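Structures for review follow.
In the two complexes that follow, chain A is the common piece, with chain B as its partner first and chain C second.
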Partner chain A sequence: MSRVVYDGTPIECEPGDSLAIAALRAGQHPARGGTLCLAGDCGNCSAIVDGTPWVRTCQTEARPGAVVQRHPNGSHPSPGGPEHHTQVTVRHRSADHVVIGNGDSGAAAAAALRSEGHDVLVLDEAAGDEVVGVFDGPSIIVRRNDGIEHFHVHHITLATGAAEVHPVCPGNLMAGIFTPKAAAKVRAAGVDLGNVVTVGAELKAFHGEGRVSEVELADGSRVSCDNVIVNLGSAPRDVLARMAPLVPVQIVGPAAEAHALPAAPQEGVLCPCGKITVEDLDGVWNKGFHDLELVKRSSLCGTGTCQGAVCMPHLRSFVADRSGVEPKPFTARPAARQVSMAEAAAGYHIDTFRRTPLHGEHTKLGATLDKFGGWFRPWNYGDAVSEYWAVREGVSLGDVSTLGKMMVSGPDVVEALERLYPNHVHDIKVGRSRYVINLNERGHVLDDGMICREGDTRFLLTFTSGGASTAEMWVRDWVETWGLKVHVLDRTVSHGAINVTGPLAGELLRRAGVNDDDRPKFLQHRHIDVAGIPCHVMRLSFTGEASFELHHQIDQSVELWQALMELGAPLGIKPHGLQALFGLRLEKGHVIVGQDTELDSTPRRINMDWAVKLEKDAFVGRDALIRTASLPDERRLFGFTMDGPAPLEGSVIRVNGDVVGHVTSSWDSPMYGHAVLMGWQKRLPHADVVEIDGREARVSAVPFYDKEGARARM
Partner chain B sequence: MNEFVETLLDLPWQVGDPKPAYDVVIIGAGGHGLSTAYYLATRHGITNVCVLDSNFIGSGNSGRNTTIIRSNYGIPESVAFYQHSLEMYQQLEAETGCWIMHSQKGQIWLAHSVSTARTEQTRALMNQAMGAKTDYIGPDEIKRLCPQIDLSGGGRYPVHGASYHHEGATARHDRVVWAYAQGALRAGVHVYQHTPVTGLLMDGDRVTGVQTPKGNISAGTVISAVGGNVTTVSNWAGVRLPIRTHALQAFVTNAHAQEFDPIISSNDLVFYVSQTPRGQMLIGAEYDRFASYRQATSFAYLQACSKKSITMFPFLAKLRIMRSWTGICDVSTDFSPIMGETGVPGFMISTGWGTWGFKAIPAGGEQLAQLVATGSAPLIEPFGLDRFAKEAAMADPSSAGTR
Partner chain C sequence: MPACEPPRFEGLVGWRIIADRSALDTAPWPAGSHVVRISPDDAFVIGAAEPGVPGDEHAIVTPELGFAGAAVSAEQVADIALHHIEWKLPAGPCVAQGQIAGVPSKLVLHADGSALLLVACAARHELEDRLG
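So, the complex of A and B:
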């Protein structure tokens, strides 16, 4: 003998009891009333089990110590108990043939398949396999008390049998009403049902106080009883077949057989889940809701926890009676047997945010790290303004390991890049690099980056951190579409990159062992050792100052970073985070694709026609650009300056009170003591003076800082 | 008696088969088709209108969505249009006498990083400028509005802040369809269920009517208000649409008593949660990445969406999934709807509703009816099909990530 706590009272249970049987053994209805099928179909035995509401107690083993509460009377239940640590085991299994159901038809189907030499696995509800659904694949999801099983299968046979029809008549929400199979199960468990009356279609009503004490028959006679067995026949338990019409399943046995519908319901609750009555159905029918689906949706009959398992035969019979046409059953949707969200979630892992090899260094330096484009990156190291000044006046390090990095090579590589990019590629000399934008077929800017020529037939391409994840797909798709001989190697995560930037960047490299003569000049790149570590050094500038991007194998990232920080200490080196970088680049008027650009930004709209060479024969987006070049275009990205604090990014831009666009980037420039901004004007004529945040802002040429670009070449 | 059984509405169906000709034939008796018919009849006196559907009324996406009404978009034209629709929804019960179960809940759009906080800030500022009530709020205010939230996001998705759209609401989708159906039928519009349109009647390059199993029906104007198979219909007229169709899944749990007041979406995790008046938790996410017309659900979706939801709302772990379903979303290349003229005389469309067509039902129908009746509808003018050829797409930065 073991015990479970049922609604605050300990009750005894026998080995093998379900919670519902245990309750019945203690003389109680497992819920508050209603016909019991004890087959998992209806919701009439549902209770809160160990904090989870709506658990079918008939399908749940009476585990010693289980705590069961009935749902509150007249209101909905709440979940309870500890929420975290809801650990659910998930198992992936595969099988050639799966037979769902281990009754007569299931056993016969399994035996027949085995005799043909097939491997057969039988899912048996009596053994605790609750089939949640059949899905594309085909796959089957099974709930068990010890976890969730995901089956990947080849062939499915449904042998789910038939479900017994529940009575619809006055009093049918009381305790003491059983289907024949439910009564057999209760008796097999040794529970005495007392004085039992068995009735069929002659049933008219149940009478009693909370539980049935008398059954009224069609002829008006009344019979006293302790419990009633109601035999109204069955309906196919074909929910899994109706759920996945395109998944090939074979249905056998009673689940596949035609069953006569019960007589049209006259009175009483048809849908115990929603307490919806025959009168309710008549009400909506008389208002013009005649389709089975419209009757269902307007009465809500069939939309409760059992999803029509109880009411569907009666509902179809109702519609057939009123319309003269027997309607098909409505569509079934998962879950056929319910799972908690913790059970459904088992085995799923939310994408992690990637960390660069320097993550630990940033943490040690007190960085605030945040998520950008799938990576954790330093937002600042405590003071973005001092980081800014380190770049403008001294030397600073930036972790740009997140940049997309791709080696492309092969006999057709120049041809491929000429077609991919809107600028010239063939004339880039070995050891030189060029800033490039990528366009889609519509001529809209997808991304930007650099092309570095390593040899006649070898290039390194860079992409933005956000664009890196799709860059390889983009390049490969086109190269394969064109049938060109190009080898593509994505090195985004195998190589780190540190940007050494600031007027003292050259001095730092000198101290790291790089001779002035070996140092690449602006837009050159070269393989040299820095602090003894082999680097591919690219000279370019996003910050506006002299910058050297040191690309290297990630296993040496930490060593390189630490060496540079140490060598740079006498120069007052400080690393900079994205907050400072966004301001630095804004002063230079460099756009961030995705922040300053929109989904449909053409180069013209962001003032980058110079990066497009329409005289080239062909490149992705060329046809679109030629077509749209002659169209009037109102939309344009502008630089602005304004006094006072920088307005919030996203602030609207007004002209004469009308909204014409919004601010995409905004920064209190420490250099100028006023705000510098970028934002859109999408209406002609473009104004020279606009209103932002209730203040005046003036259009300004970009870059705001170092218009000649002298500092990047220092 | 269940309090949610429909008792107010009635559907006074016309008797007999469709007439051989109407002024306007609308393909698709969902929310958009029926609201267009309703406004044609009640605002413009155009009652010689027929609405045809291959299934029952509201059988498509109108009955397969997550019932959210909001106007917190990112571009001025969208905010203006959806705010108008939101306000029409607020008046719809008074106008039609139907109980659509309209419930103003407020919608919270969570940001879990600096960059998504910027997105939500941008949304709030643009909304305020265009007359939608949206504020950027911090974690304390979020916790006050929704005590069930785990602000630490399971340690992985801490909440930085959110945009709070005060007038975000829900309404029962079917009842919106029926309210418009009742109004249209009462005004003399014909609505035929189970009457599929199988082709268009053309006279040269002009659309002059539709083909159905009940015979050809000629029309002064044919409007496609089809969801899911709109490209099939438009191809009959020779109109190519920049549309791809994707499945979007959602599910509900059993009813429970937890009082969950707002609608909460997560910008980074991409899911949304609300509680229906019947007590079910309604949870949805983004549409499937691959194109499909199928209305089947996948367990992979339930699995991912459950995990994301539990991460922010641990109490959900113990709720049981009752039913899942799938709608079919026509997604345009700029994630905005396509409404009005098609360039083919006699043929108009209302499509590209992506994942947000339900909230546009009142304004979409009103504006399209106005366009048919008067030749002009300013609120939907920016959403014409010709915008793509004119390189004037309505790309919405704050819907692209959320879809």
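So, the complex of A and C:
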């Protein structure tokens, strides 16, 4: 004799007892009442076992020392489970033919399949294989004591048998009610049920104080009892069959047989999972929901923990009684049993967040790292404002290894790029580069970047960090669609890139061994050694200051970074993170595609018509831009200034109290001492003064900083 | 938990070549190099010597240091497949590509079931964490 703890009280149990049997042996209901099937079909014996809620105690061995708590009375247990989950192992397996259920019909089906030469795997709950989900694929999810198994299968045979029908009548949530098979199990375990009354369709109501003491029959008579067995027949155990209507499963045995529906319920709780009564269903019906699926959705009957296993026959009978048509069963959703969050999440991973080769350097410098565009990137190194001033007044390093980088080469490469980009490409000279945006067929901005010409038939393309992952698809898809001969190689994760920026950037390169004559001028690019390391140096500017992007092989990133930091120390060099970078580029009026743009932003809407050459014969998006050019367009991205503090990005922009747009970027400018921002106005006429965060903001021309662009060319 | 030792990755030195399929089919690879054909027009040549592709004047030939690799035994491959791969693993020799433990990876499968497991250096830490 061993013991388990039930609601704080030790109770004794026999070897082989389930927790539910142990509770019954102690004279208690394993939960708080309701008919017991002891077959795992209903949730009426569910409790919190060792911290995990919704455990069917009838299917759980009474392991010595187990701690069971009944769910809160009148409410659901809080989600979750033990604070510290053990890791749940996931195994992926393949099988040709799976038979679920090993009763008479399952065993016969398996034998027949084997005789036909099939490789058959039988999964049976009694043997520890609890099938909790069937999915298209087909695949099935099995819970075992030692983990979760994902089976990829070719054929599924369901031999899940039939479930006993529960009674629906007044008092049916009391303790002391059993199905016939449940009662047999209890008796087989040696538990004395006392004075037992067996009833069937003549049942009208149960009476008692929390526990049945009398059964009322249809003729009005009452019979005293300690427990009652209710025999209302059975219904297909079809939760798994209803789970994947598109999966070709074969159903055999009692699960496939026709079963008469019980009499239409008149009173009582029909869905014990949700405590939904016949009266609730009448209310739904009277509101006009007459289809079984609509009755389910509007009442939630059938969406509880048993997925309709208990209420389905009664619900169908209810609808058939009122509509005159017997409805087909509704779909069930995985999981057929409650699974823990650890079990549900086991084997799955969130997105892969990549690290640049300088990840360790950032960590050593005390950077706060955050996730942007699929990468871990430095947000700041402790003081974004001092990082900002390092860029504006001195020199700073930024890790831009995450930028998309793509080599393209081939006899048709110029033709391909002319078709891909709305700007001219053919006239870019070798050693020069050009800013470009790329559009979809609707003329909406997808991304932006640079085109660097390396040779007559060879270019390097750059993309934003967030757009890099789809850039290769975009280029390849179009090149192949057009049948052009172009080689494409994505170098995003193979090349590192460090942005040397600030008015002293040129001086730092000089100290790193780059002669002034070798240093590329604005929008030029060259292959030169920097601090002895081969680099592809691109002269451009996102920060508004002179900037040199040093692209290089990733195995030399750390060496290059450390050399530049050391050489730049006398110049007061600091690295800058994204927080400063976002402010620097905002002052310069550079948009961030995806932050300042929307899915349907055209170049006109973001004031970048200058990057589009409609006189070109063809490029992706040209037809759409021409078609929409003459149409009124109320949407426009504006620059604004306002007194600080800077409003939150996403704040609404109002005109005369009406919402006309939202703030896309916002920054307390250390340079100007007030906030600079960008945001949308989506209503004509566009206002010069708007209200943001209850304060006045004024439309301002962008760029806010260095309108002539002189500093980037220093 | 996995029954086998987790793979031990190291950075690989090689060359990446994008060229016409026919040019790659007939390219004279440097002695001692190991060629991983990622796709018909894409080869990763592991080895220090720069390969040439005489059959395609527009071929892209560039140093490739973006991959980390681990030699894994047939037992390790089976263990990884059981615990971390949701797609059907083909029989070698071939190159299989897909997510392993949620990380984009490549498996250069040999006829004896062993393999070279490749992952971008940028995602190496994620794969090591998840396989470890």
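As a convention for this text, the second predicted complex is superposed on the first by the 482 of 714 C-alpha atoms of A that agree within 3 Å, B and C clash if a C-alpha of one lies under 4 Å from a C-alpha of the other, contacts with A are read in each partner's own complex, and residues count from 1 in each chain.
As a convention for this text, a residue touches a chain if its C-beta (ideal position, glycine included) is under 8 Å from a C-beta of that chain, and two chains touch if they have at least 3 such contacts.
In this text, all values refer to a predicted model and were calculated from it rather than measured experimentally.
Once the two complexes are laid over each other on the shared chain, residue contacts for A:E441 go to neither chain B nor chain C. By the touch criterion defined above, A:E649 reaches chain B but does not reach chain C.
In the superposed pair of complexes, A:E12 makes contact with neither chain B nor chain C. When the shared chain is aligned, chain C comes close enough to touch A:V488, but chain B does not.
Look at A:M341: by the touch rule set out above, it reaches chain B but stays clear of chain C.
Once the two complexes are overlaid on the shared chain, A:K287 sits against chain B while remaining clear of chain C.
Shared-chain residue A:S298: touches chain B; no touch with chain C. In the superposition on chain A, no contact is made by A:E559 with either chain B or chain C. Counting the residues of chain A touched by each of chain B and chain C gives the higher count for B. In the superposed model, A:T356 makes contact with chain C only, not with chain B.
Note: residues 150, 347-350 of chain A belong to the chain B contact set and to the chain C contact set alike, using the contact criterion stated above.
Note for the complex: chain C touches chain A at residues 1, 11, 16, 18-19, 41-42, 58-60, 62-66, 81-86, 88, 101-104, 120-123, 125-126, 130. Across the complex, chain A meets chain B through its residues 51-55, 72, 75-81, 83-84, 86, 132-133, 135-136, 139, 141, 150, 244-246, 274-277, 279-280, 283-284, 287-289, 291, 293-294, 297-300, 303, 305, 307, 333-335, 338-342, 344-350, 370-372, 379, 442, 598-600, 602, 628, 631, 633-634, 648-652, 654, 659, 662. Touching chain A in their complex are the following residues of chain B: 1-2, 4-7, 9-13, 56-59, 63, 76, 112-115, 118, 121-126, 129-130, 156, 174, 178, 193, 253-258, 268-269, 278-279, 294, 296-299, 302-304, 306-311, 314-325, 333-335, 390-393, 395, 397, 400.
Chain A makes touch with chain C in their complex at residues 87, 89-94, 150, 152, 347-357, 375, 407, 409-411, 457-458, 485, 487-489, 491, 493-495, 553-555.
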